[in-house]
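The two complexes that follow have subunit A in common; it is paired with subunit B in the first and with subunit C in the second.
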Partner chain A sequence: MSLAAEAFVSQMAAAEPWPENASLYQPLKEDQILLSDCATSLAVQAYLRMCGLPVQVVCRANAEYMSPSGKIPFIHVGNQVVSELGPIVQFTKAKGHSLSDGLDDVQRAEMKAYMELVNNMLLTAELYIQWCDEATAAEISRPRYSSPYPWPLSNILAYQKQWEVRRKMNAVGWGGKNLEQVYEDVSQCCQALSQRLGTQPFFFNKQPTELDALVFGHLFTILTTRLTSSELAERIKSYSNLLSFCRRIEQTYFEDKSS
Partner chain B sequence: MHGRDLGVNPDDLVEAPEPEQEGKQEILENKDVVVQHVNIQGLGRTKEDLLGYEISDVFHAKNLIDVMKKAHVARQKLLRLGIFNEVEVLIDTTEGADALPNGLDVTFEVTEIKRLTGSYNTMVGNNEGSMVLGLKLPNMLGRAEKLTFQFSYGTKETSYGLSFFKPQPGHFERKYVADPAPQTLFPLGMTSHTLKWEGVWRELGCLARSASFAVREESGHSLKSALSHTVSVDSRNSAIFPSRGALLRINQELAGYTGGDASFLKEDFELQLNRRLFWDSVLCASLWGGVLCPIGGQSSCIADRFYLGGPTSVRGFGMYSIGPQSEGDYLGGEAYWAGGLHLYTPLPFRPGRGGFGDLFRTHFFLNAGNLCNLNYAFRVPYILWFDIESVMCAGEGPRAHLQKLAECIRWSYGAGIVLRLGNIARLELNYCVPMGVQSGDRICDGVQFGAGIRFL
Partner chain C sequence: MAAPDELFCWEGDWGLPSVSTDCLVVLAYAQFAGAPLKLHKMSNPWRSPGGSLPALRTNQKDTLTRPSDIIIHLRKQKYNADYDLSAKEGADSLAFISLMEEKLAPALIYTFWVEPKNYVEVTRRWYAEHMPFPLNFFLPGRMQRQQLEKLRLLRGDELLESGDELEKELYRDAAECLNLLSQRLGSSKFFFGDSPSSLDAYVFGHLAPILKSKLPNGKLQQHLKSLENLSSFCTNILLLYFPRDDRESSSQQPASQPEGGDFDHVPNKRRKQFLSALAALGAMLSYALLTGMVSIQHVQQEALEEPPDLRTIGSHEEDGDD
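== the complex of A and B ==
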């Protein structure tokens, strides 16, 4: 569909209220999902809970291929399918639900900048550790990614994904980095976030915004996922206000969910 | 001294023909001859033992006409192997120390085919067109093995294929083919059987962003590893416009027990009967049917289901546009049947008779068919024994399915012109009137064009 047609369809969709049976699709939770996908999925779930929109989480082995953009998670609302946090935020905005309405232009620009920081630093670091670090890739990423598929398809798909991510890392300039540098980058990113958060409950004082959902998604997943080394989690734990931020959001919005 | 000397001498020079001796007019047919040597010249990489089977019959010839006939048959057999560009036969009297007065030498001069050939063709299948690039290595190891690589890029499907073909020496009809599915074909009395193992890596994707969610749910990769068996009996006198004879083909496929994640049992059959009527017209009745049973509780994959409709099956309906659908996308069904009744006549007033006009026929047809999904009670596995009865009453048993296939039949009638392409394909231009249309089917009433290989 052309951009104009997509915009038109979004307008039509905006007219309908949020249905009861909206669903969010992600890979299988127990065996398949990886750190980066879990983080982005949790960010979207947190955002929808903050907006007060009910959504049911459905796990499918082929969720990545079902998604229109190839990225997880995606939501199925009415007969619309939208993937990734950015488009989902715009979609809910078209339906009249938004968290960042109260912000002025300067704050909105700042929020966008921090969201870009998280995406460029944290998400890329997660992908690097999963797929470019050979120990993690061999022990965790490849077996988990290929678990729903029979041999030999499992090997082929796992290696294909690994090569794809490595090419992407080279393209963004992370191909030459080693693990220590990646941990340093993560630390710096957390420091920037920690400074911005300060002692406030949320990044923009009283109300949570999509930035809070995104940061929560990534940090909480890193803290609760077991990798080959716990170095990444340790770096985040050194910022206590981020830890309490995560706990607060978990208790407020996910209290029916076991951590 | 005579007979069984399989003297294959690749370095022999061609013997000069003897000058004709005038005055000696004998009746050659009645003259007894003995074939002393059979030579094959021009062999490069072909192994000699393979050719022995094809030419051994020549030694049994008793007189000159017989030698010529048997040499001709042997030449056909050598060409049939597909490894020679040209085969020429030279029959001459023997010369030399051990020559008998009525001895003959038969020499086959062959030119071997090149080691590597390439081809580029365009192909029309069942309402789709494609471009095919091929690379062929004939006679790879000297015993008529053939390795082919094919890349096909089409309007609906893109595929790669690598196939290996090796005939059994001496029994050219029995073949071992790996395509890349290893299969063996063997005749058994009047029937011809094919046993095949097939491994397919499938990737399904949505072509449009607006594809229905039911189709989107099927996206992704899957691996099908299946054993299939086909038996076919074909007594027709032609594949495209038969005027008599019948065809019965039954195919079954079992997937899932040799690996892969598709797991089902699929049966389908094809029956065609032809009978010549008055004035060169032919009445043809055909029946197709099939059923797909998923094994192990998972539902069937969209790539394995049957599809119905289009100019090659039930005419008057859009391509594959009959049966269960979701938001305009057709999902196929697990059971179907389709039948057709045709009356083929030559073109009215028979223009171009004896030549171009013979490629055309007019036909009047009546097509019918139905397609549905099955909700077998035993699709749920490992159910407790005492629960089966209650589930079967709640779900649907086989009788309900037969009933479903008999209700709401789609059918159509019409007339058109058919053109034969070679001996494999047909082009049709029909005027169709679809009837029995159910909600959700897409029809194509009026003029419909179709091209393909397999028609109802």
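== the complex of A and C ==
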């Protein structure tokens, strides 16, 4: 999002309260959405629920092309559109809803660092498994990604997306990795998160922050999504405190409405 | 004992042991862990075993090029700078390294390779001057294209305009990252306790080029200098672990600066002058031949007849002078 637009948004945001009809857009839940998009979307939903802000989830086949940054998910609040967790956190903060106000400087630095750890390792690993592991790409990612489109277009778009992700992997130095190394990185990341969480209910004491929302979004999605191999979920299952962390957030923030 | 591993790195400048962030990270980690490496500093990436720098050739003749792989390899060889860290500190290291890769690395690429003034006056010039003859014409440009591609993919934008907007956005992220690092470091000497760890190596590798390079557009440098604990962290590591490079630069500077002019310290100056004179001469001769100002026939006749005349004239003049 451009700076001018951002300044404008935060100014406007401060003026208006959170409306009742705010909506969150994501790809079709049953047929289209992929693991990584589902994870980022769930993270935003968890964050908004933690803030106590009501949002209605809307599924659209072309959500990716509707989003201002081309990324999933984005929220439509009043007359503004904001995409991705980071800007959404800024946006709600401007409206007076923040989860990280109680943290001191060092804690805030650590929170930001761990959020980047999740983006840098878990999200990249999800993208790698979706698009660079040929079995997963052929069996799940390409058919699902292209499901709303007619034949010649579906192939073109799916391969275009795969090509783009592979180039990104090369740019971040993951191009030469094999699947085993990626799983190893996921383990390393979970190990770090598990150490950081320890026996606390949330990452920073008793209050949830945006980090908790982000971690929940990714871990819960990985645990509940069926892929060609269950290796990714198995790696997470060996950290019992992360599992109970996911269960706790699910019960606290999602139970009433999911039933 | 087996032969030591060999490390190939970019040459240093500006008082740094190397100019590239990745090389600095590896060098700093090797110093912190006390790993005995055979170091080759070079300015020709094509002579590195991996085709890029840095590269580590292990004594099993494997080649590693990613800094994290090299550090993991050194760790397996029992050269571990993170030995004293608790599990939670290890987790924090991983998190802050990710933070730098996501927030600071794009701004570094921008400031060295995209910002037009910095690129033309410092980065491209440095690489063009230090690379050997035919490579210096095309490798800097190719490196810039690779870095641009990397920046574009990291940000996930379709097109990348080097405008004020992009610059502000990247610098804002980078400044935030620097602030967070500064807050985390606080007043301690290293990030965890009294001895440096891999996180210190990564921070040093990312910050030292910003601090030491002399860029025309130095917004990041100004911000870094305003965070006193971070800039003294860098100078401390330079003093403690790379004393030789620091001294070299301070002794070089007074020697090189009086020469002043921008084009004075070109390596192989004589050879280049000679080659360009030769090329100019060749061009003039071929022009003369092609346009018919001089024909071969004519030259041969003159060659037969004239030399005696010339010599006589020359000797006459000399006589006259005497």
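Basically, the second predicted complex is superposed on the first by the 251 of 259 C-alpha atoms of A that agree within 3 Å, B and C clash if a C-alpha of one lies under 4 Å from a C-alpha of the other, contacts with A are read in each partner's own complex, and residues count from 1 in each chain.
Convention: a residue touches a chain if its C-beta (ideal position, glycine included) is under 8 Å from a C-beta of that chain, and two chains touch if they have at least 3 such contacts.
Just so you know, these numbers come straight off a predicted model, no measurement behind them.
Novice: State whether subunit B and subunit C clash or fit side by side on subunit A once the two structures are superposed.
Specialist: On the superposed model, which is not a single observed complex, subunit B and subunit C fit side by side.
Novice: Does the superposition put A:E116 against subunit B (first), subunit C (second), both, or neither?
Specialist: Touch partner of A:E116: subunit C, not subunit B.
Novice: Where does A:A192 make contact in the superposed view: on subunit B (first), on subunit C (second), on both, or on neither?
Specialist: Touch status of A:A192: second partner only.
Novice: Quick one: classify A:W151 as touching subunit B (first), subunit C (second), both or neither.
Specialist: Once the two structures are laid over each other on A, A:W151 reaches subunit B alone.
Novice: Is subunit A touched at more residues by subunit B or by subunit C?
Specialist: Partner touching more subunit A residues in the overlay: C.
Novice: Would you check which partner chain A:G70 touches, where first means subunit B only, second means subunit C only, and both and neither mean what they say?
Specialist: After superposition on chain A, A:G70 lies in contact with subunit C alone.
Novice: Rounded to the nearest Å, state the minimum C-alpha distance from subunit B to subunit C in the superposed three-chain model.
Specialist: Result, nearest C-alpha distance in the overlay: 13 Å.
Novice: Help me check something: in the complex, which residues belonging to subunit A touch subunit B?
Specialist: So the residues of subunit A in touch with subunit B come to 1, 6, 60-62, 64-66, 68, 76, 79, 81, 149-151, 153, 156-157.
Novice: For the complex, which residues does subunit C have touching subunit A?
Specialist: 66, 87-88, 90-92, 94-96, 98-99, 101-103, 149-150, 153-154, 156, 158, 165, 168-169, 172, 176, 179-181, 183-184, 186
Novice: Can you tell me which positions in subunit A touch subunit C when the two form their complex?
Specialist: Residue positions touching the partner: 2-4, 69-71, 105-106, 108-110, 112-114, 116-117, 119-121, 167-168, 171-173, 176, 188-189, 191-193, 195-196, 198.
Novice: Using the touch rule from the top, collect the residues of subunit B that touch subunit A in their complex.
Specialist: Touch residues, subunit B against subunit A: 201, 204-206, 208-210, 213, 216-217, 219-223, 259-261, 327.
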